[in-house]
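Several structures are given next for inspection.
Both complexes shown next keep chain A, but they swap its partner, so chain B is in the first and chain C is in the second.
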Partner chain A sequence: MKVVVNVSLKEGVLDPQGKAVHHALGSLGFDEVNGVRIGKRIVLDVDGEDKEKIKERVKTMCEELLANTVIEDYFIEVE
Partner chain B sequence: MRAAVVVFPGTNCEFDTKYALEKISFDVEMVWHKEESLSENIDLVVLPGGFSYGDYLRSGAISKFSPVMKAVGEYAENGGYVLGICNGFQILLESHLLPGAMMKNKNVHFISKYHGLKVVSNENRFLSKTKVGDILRIPIAHGEGNYYIDEEGLKRLYDNDQVLLTYCDENGEELNPNGSVDSIAGICNEKKNVFGLMPHPERAVESILGSEDGIKMLEGFLG
Partner chain C sequence: MKVVVNVSLKEGVLDPQGKAVHHALGSLGFDEVNGVRIGKRIVLDVDGEDKEKIKERVKTMCEELLANTVIEDYFIEVE
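Let's look at the complex of A and B:
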């Protein structure tokens, strides 16, 4: 099964990359952009049928490795 | 005195670190990250700088699962002295041996240059040969040295005297190169036996290279 994990910096944590990209978009004339946050998209190919069980396992993966919960939030989508 | 310098795939400061420690009379052994234990009678473990595991996922994120890190954790738990320099600091943060996390530098650039450091606390083994307020000249070389800790954690650091070094200019005025909270460059744990800093003291041990201030720092571990 395909599982997508989106990892992003927590709200309130300044995102240096997002800020730089926001600035660059402004220089290109895209004044309508109010903010940019950059994250990571991790796609896992996982064995199993039980979506709840898979989600639970992937949550543990996030806590132990895929995200640094001091500064990052994660969101899991089982497809 | 014996020091162990841990080498991960992608570490690149291990020989500079060995050179610096030998210069101040340490016997140094290199320890490959696959080792599951440390030699007996080790007085200091150093996690040197570099790009362990290519900084994949996050700096230091993969290295914390290397077999040797379990031994390093136990060594620290038993009161042994551990020093993480640059990538070594990032590994200690990822391993939760030190509090907080590292983010990309505020200007998103890799910064490599000499920088001023101010000693905030010397009530610890590492900086015991320096004085509070001393200004040291030490090279920094990092892309992810933007230290982050939440307000509560920061308060705990100050309450326990765990903030060791901050970035400053040559006159000691605050100068923040990377966006770190309160310009923090180095911290220790609550027990004051695990130390981490982004600057490279091992690169400042010869006057011909611009500074010998690194000796003053590392010598603290001689006791």
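Let's look at the complex of A and C:
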């Protein structure tokens, strides 16, 4: 089953990569952009049938490895 | 308006970061994971009302800066 984990920096945590992209977009004339935040989109191919069980397991993966919960938020989509 | 750009490596393009995470998950006992691909999730705050127009502009941003279309695919979600 395909599972998508979206990891993003928490509100208030500085995002220099996003800031650099925002600046570059401005230089290219995209003045309508007010802000850019860059996160990760992790796509997992996971064995199993029970969506709830899979989600629970992936949550554990996030807590143990995929996200740094001190500075990052995440949400999980099971497809 | 919030616009999300999801950028991922094309099928067939090697993803060493994803491979490393897959390996690490295996080491932690998550044997049900068959594959991991890691992409970017870029969240833009864009001025404007017309969703179609915004999407068209963000598509141009992707082609010019946000994605490397030789090795990456992207899709845009306007929220």
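Just so we're on the same page, the second predicted complex is superposed on the first by the 79 of 79 C-alpha atoms of A that agree within 3 Å, B and C clash if a C-alpha of one lies under 4 Å from a C-alpha of the other, contacts with A are read in each partner's own complex, and residues count from 1 in each chain.
One rule holds in what follows: a contact is a pair of C-beta atoms (placed from the backbone, for glycine too) under 8 Å apart; a residue touches a chain by one contact, two chains touch by 3 or more.
Since this is a predicted model, take the numbers as computed values, not measurements.
Asker: In the overlay, work out which of chain B or chain C sits against more residues of chain A.
Answerer: C
Asker: Which partner chains sit in contact with A:Leu65 here, chain B, chain C, both or neither? Use first/second/both/neither.
Answerer: both
Asker: Can A:Asp45 be said to touch chain B (first), chain C (second), both, or neither?
Answerer: Touch status of A:Asp45: second partner only.
Asker: Is A:Val78 touching the first partner chain B, the second partner chain C, both, or neither of them?
Answerer: A:Val78: touches no partner chain.
Asker: Go through the superposed model and pick first if A:Ser8 touches only chain B, second if only chain C, both, or neither.
Answerer: second
Asker: Look at A:Phe30 in the shared chain and tell me whether it touches chain B only, chain C only, both, or neither; answer first, second, both or neither.
Answerer: A:Phe30: touches chain C, not chain B.
Asker: Could you pull out which residues of chain A sit against chain B in one structure and against chain C in the other?
Answerer: The answer is residues 65-66 of chain A.
Asker: Which stretch or stretches of chain B touch chain A in the complex?
Answerer: Those in contact with chain A are residues 57-58, 61-62, 65, 93-94, 100-101, 103-108, 146, 148-150, 179.
Asker: Would you mind writing out the residues of chain A in touch with chain B in their complex?
Answerer: It comes out as residues 9, 13-14, 16-17, 20, 65-66, 68, 70-71.
Asker: List the residues on chain C that touch chain A in their complex, please.
Answerer: Listed in rising order, the residues of chain C that touch chain A are 6-8, 18, 21, 24-25, 28, 30, 32-48, 57, 60-61, 64-66.
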